[in-house]
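Across the two complexes that follow, subunit A remains constant while its partner is subunit B and subsequently subunit C.
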Partner chain A sequence: MTTRGRPSPIAWLLAPAALLFVLFFVLPFGVMAAMSVFSGNPVNNPNAFLTTRHYERFVFDTAGIYHDALWATLRIGLITTIISLLIGYPLAHWMARMQSRLGHALVLMAVIAPMLTGIVVRTFAWMTILQDKGVINTLLIQWGLTDKPLPLMYNEFGTIVALVHIYVPFMVLTLTGVIGRIDERLEQAARSLGAGRLRAFVEVTLPLSLPGILAGSLLVFALSISAYVTPSLMGGTDVLTLPMLIAQQVGTSFNPNFAGALGVILLLVSLAIVIAYNRILARLSGEQGLA
Partner chain B sequence: MTSAAIRLEQVTKTFDGRVVAVDAITLDIAAGEFFSLLGPSGCGKTTSLRMIAGFEHPDSGRVYVGGRDITDVPVHRRDMGMVFQSYALFPHRTVVENVAFGLRMREVPRADIERRVAAALAQVALTGLEDRKPSQLSGGQQQRVALARALVVEPPVLLCDEPLGALDRKLRQQMQFELKELQKRLGVTLVFVTHDQEEALAMSDRIAVMNKGRVEQVGSPAEIYEQPRTRFVADFIGEINILDEAGTARALRPEKIRLVTPDGARVAGRVETANYLGGSTLLRVRASDGSSMLVRETHAGERASRTPGDLVGLTWSDQDTVALEG
Partner chain C sequence: MKAVLNKRPFDAGHAAYVTLNGLLLVFLLAPIAIVLVFALNPMPYISFPPVGVSLRWFEKFFASAEFMNALWLSLWIAGCVLVLSILIGGGCALALARGSLPGRPFLTAFFMSPLMLPAILTGLALFQAYLLAGIGRPVWGLILAHTLVAVPYVIRTTLAVLHNFDRRIEEAAAVLGASPVRVFFEVTLPLIRPGVFAGGVFAFIVSFDQFPVSLFLVVPKGETLPVVLFNYMKFDLDGAIAAASMVSILLALSVVLVLERLIGLKAYVKL
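Our next item is the complex of A and B:
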């Protein structure tokens, strides 16, 4: 143990990370939060004054779209997280318990491979599959299973499908690490004490992997509520998420102050959800959560 | 507590289709017996235990417990207690919850669970630690929780996979006494896997010495030590001299050799090294023909007198040597 007041010399190696964090998170967030309480840009506009009108605009929502955008964002994030967990957990469990090293390497490659192609490429790939004249609809119509194409994209469904595909690897990698560290003999002990395979899993492995479920879910949730490219391409005009709204405010409405307010609101709401989620899981596992 | 006899009949287990872990072994373990599977790592002792427990399914052969063929019975219906090498206590559960687990799986009424868990904890002298987590216990205490957890369901068979391996020597010896006493008191059939020959000799009613997936010899500790059947058994258990007499190998324990004057002795040589072991000294004597022998000089009365370089004579009687196969 190092003594108090005398940090380890290795502490200096944290400097680049700390600098990055300050330069690219604390500072921009500070600027964004400051902008959200001004009427204009105080740097080049001497008439800019302090105001809460951007927040009022969101709260009173006279146009009737901001609340919907927030709900849509959270809904998409939540559903994406749950589906990623349902797909990712069995896969991660299988990988973590795999005896063969070669098999493990191959599955790991398969999981990581999608991450090596860009988000845009993967989203366009989904478009060719899901659109009205896409692979699925063409086949369904050809086989006479349906006369008009199913609405597979330009809606929330398509957005979630593409988001799940993109973020499942994050869930799998996080969970594999945690499940791999759970001693297999714990489950065997439970079985020798009279628990069937499923019961042993529910009583032992599942609660012990809660920290992984927590970390993986938070990661996927955070990534999907801040996703911009995929909802824009897959959602069409049907889907409007907060990040899309923010881009609109900056890019076409030239209102960075309102965009800043939306950014702060998104952060606060997701922070509240994260804390609540952490509390619930911590209570379930009877142990301290991560945060 | 009831106990049950175990029979392995021509049991074979192969891994990856190539490595033969257990090669057609047949073993009969009596009800209420303390039976050890002893051998070096990779000899198949743990695989044999895991086949009794049900974690491995034999490629061929049958496993019987209490006369019933359980080869195809799943683990959780076999009703056996098992103590794992690393104890495998549930880290997210308290001591009480760990011990209660097996009773809960059997849907024992809550009041009975409380009573039986308290009794089991008292049995292994853990009363007062009920609400601790395993990480807050010492190695010896964890060991006892594992034992209580396995025994609280009153299984007719208790399987132990090197349960004392992680303890230091002093504690291990204490646990050896406790485990043996507990086993006799409960009358449970206990199958004990170990690579530690001293441990096996000290605790077992009978021992099966295993090597390369086969059983080399089964017998009481005294039989195994005094009448080793094969060269492997003789060599694996304690120190041994292998003599070549007219083409047959004969085993001779170092303590059966007497030190005499070099003239007229069977073998004369010089003491090469002398390892003082407290109760005795183990000498390595290099004979004039270049071969070396181990001699144990016990210290009854006077202290050891031989030091490296001394010229000594060795003698023994023929009835102390044992003919070995293979």
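Our next item is the complex of A and C:
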């Protein structure tokens, strides 16, 4: 056992990964940050100069859309997170407390199966459900509950519904681990001392699962503020988020420098969340952190 | 004791709890089931309820050169990513677990970080880097980009296996006179193989379904299946998309079964 000695020869196996990560991860993010402070492409344009104008463009927002986009991104992320928590908690609790191994495996499969289905495919599924001629509107009209289709899609509502569906498995998996580690006997003790089931849950299990709630929420928030496919297909012209703005700058405006500045802004928001998430997980599981 | 428990009167609270969770499972799974309904529905546009069963959308999907080119490109890229991420991620996990490296928690978090940062930013950063390097948008660039976001999955599953197996097996082999190289090839490698392979299958799916990383890195006429589907869906919403979705869902499902076979799903619960 050489936990504290010199690295063993097996450490060399890290080299290919280190090379890949330096060349295709660290360096590109450095390039993105550099591009965001240049007026053009510094390699092939000799007139490109250092500038803060891309950040100024965002901060002063004379066009009046960037702050709205940032706010919409955060708002959609927050609502998605809260709903995912409300939906994910009961499922996670059920799974963590399930006695039958088969039942546990089946629910786990049901939670993981959507994760293995691509984002584009799942967004398509929600389009078929929520569009004007979709499943819900057809049924509502058939049953005479409404005359004309409800606007369920091409707005923030549809975007959030699909985002919740896509990211709720992450919430469930994070919470299941934490709830599973809470000793069930604590709740039983509270109940044998006269607390009702609800009170035992609210006063014992819920507070003990708080770190899981926080970690799961941060994860879902980080994922949903960086979503691109779902808001651009489900949001129609109603929704403009930061990732959509970035794609616009690259695709239609071809302004990679401004896209870089927007990228840095989104990166900073995400990094803050990721660091908080890691702190919580590290406190939960000792030194292991993300692994 | 058990008999007493079983004789409990009807418990409304518990019934509500189970019903609620049943409904939540329906919410998770119904959308995927609905895609199958539309893939088999012969109507020219997405409409409900279905009027019959036909394979015309699957025919359209498999007959379309655009979809087929994209499907083969995606499969080819995912295959390369599978091999690369097994080699790179498996080695990295071994080094992390057995290399006595200083700063191990930091290194582990670093190699996991592509999962935590917005994938669309990884795509944007690589797009900028390729632009600055003036190399265009080659397929190998896309493959390596996918490998970057797939490697963490292999590291995670391999670390999980390495974490679980008894180190004394390796030590016993060494005590019995096996050289470190022989211990590695005859003991360690066979033991971690299920974890590495399971991670590789996961890497395949991550690449095959990858959208945000691909978005800025594909060239016109050289788009992967998710990008082609996305572009198609912006203008048209017909059964061909449903059929294409079904094909990728079936691929993913068979992968889940393979995973379950290989190491069980437990390894993925640890996020």
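Keep in mind that, in the parts below, the second predicted complex is superposed on the first by the 242 of 291 C-alpha atoms of A that agree within 3 Å, B and C clash if a C-alpha of one lies under 4 Å from a C-alpha of the other, contacts with A are read in each partner's own complex, and residues count from 1 in each chain.
Note that in this section contacts are C-beta pairs under 8 Å (C-beta built on N, C-alpha and C of every residue); 3 or more make two chains touch, one makes a residue touch a chain.
Being a predicted model, the structure only gives us computed values, none of them experimental.
Peer 1: Classify the contacts of A:154 with the two partner chains as first (subunit B alone), second (subunit C alone), both, or neither.
Peer 2: Neither partner.
Peer 1: Thinking of the overlay built on chain A, is A:190 touched by subunit B (first), by subunit C (second), by both, or by neither?
Peer 2: first
Peer 1: In the superposed arrangement, which partner chain does A:221 touch: subunit B (first), subunit C (second), both, or neither?
Peer 2: In the superposition, A:221 touches no partner, neither subunit B nor subunit C.
Peer 1: Now for A:266: first (subunit B), second (subunit C), both, or neither, which partner does it touch?
Peer 2: second
Peer 1: A:258 in the overlay: touching subunit B, subunit C, both, or neither? Say first, second, both or neither.
Peer 2: neither
Peer 1: Touching A:44, do we find subunit B (first), subunit C (second), both, or neither?
Peer 2: Second partner only, subunit C.
Peer 1: Just checking: does A:66 make contact with subunit B only, subunit C only, both, or neither of them? Give me first, second, both or neither.
Peer 2: Touch partners of A:66: none, neither subunit B nor subunit C.
Peer 1: See if subunit A has more residues touched by subunit B or by subunit C, and give me that chain.
Peer 2: The larger set of subunit A residues in touch belongs to C.
Peer 1: Where on subunit A do the contacts with subunit B and the contacts with subunit C coincide?
Peer 2: On subunit A, the residues that contact subunit B in one structure and subunit C in the other are 197, 287.
Peer 1: Quick one: in the complex, what on subunit A touches subunit C?
Peer 2: The contact residues of subunit A facing subunit C are 2-17, 20-21, 24-25, 27-29, 31-32, 35, 41-44, 87, 90-91, 94, 105, 107-114, 116-129, 131, 133-135, 138-139, 165, 168-170, 173-174, 176-177, 197-198, 219, 222, 225-226, 228-229, 233, 243, 246-247, 250, 256, 259-260, 263, 266-267, 270-271, 274, 277-278, 282, 287-291.
Peer 1: If you look only at subunit A, which of its residues touch subunit B in the complex?
Peer 2: Of all residues in subunit A, those touching subunit B are 183, 185-186, 188-197, 199-200, 203-204, 207-208, 285-287.
Peer 1: In the complex formed with subunit A, which residues of subunit C make contact?
Peer 2: Residues 13, 17-18, 20-21, 24-25, 27-29, 31-32, 34-35, 38, 45-49, 87-89, 91-92, 94-96, 98-102, 105, 107-122, 124-129, 131-134, 144-145, 147-148, 151, 155-156, 159, 180, 184, 205, 208-209, 211-212, 215-216, 226, 229-230, 233-234, 237, 241-242, 245, 248-249, 252-253, 255-256, 260, 265, 268-271.
Peer 1: Spell out the residues on subunit B that touch subunit A in their complex, using ranges where they run on.
Peer 2: Subunit B residues touching subunit A: 53-55, 74-82, 84-86, 88-92, 101-102, 105-106, 149-150, 153, 159.
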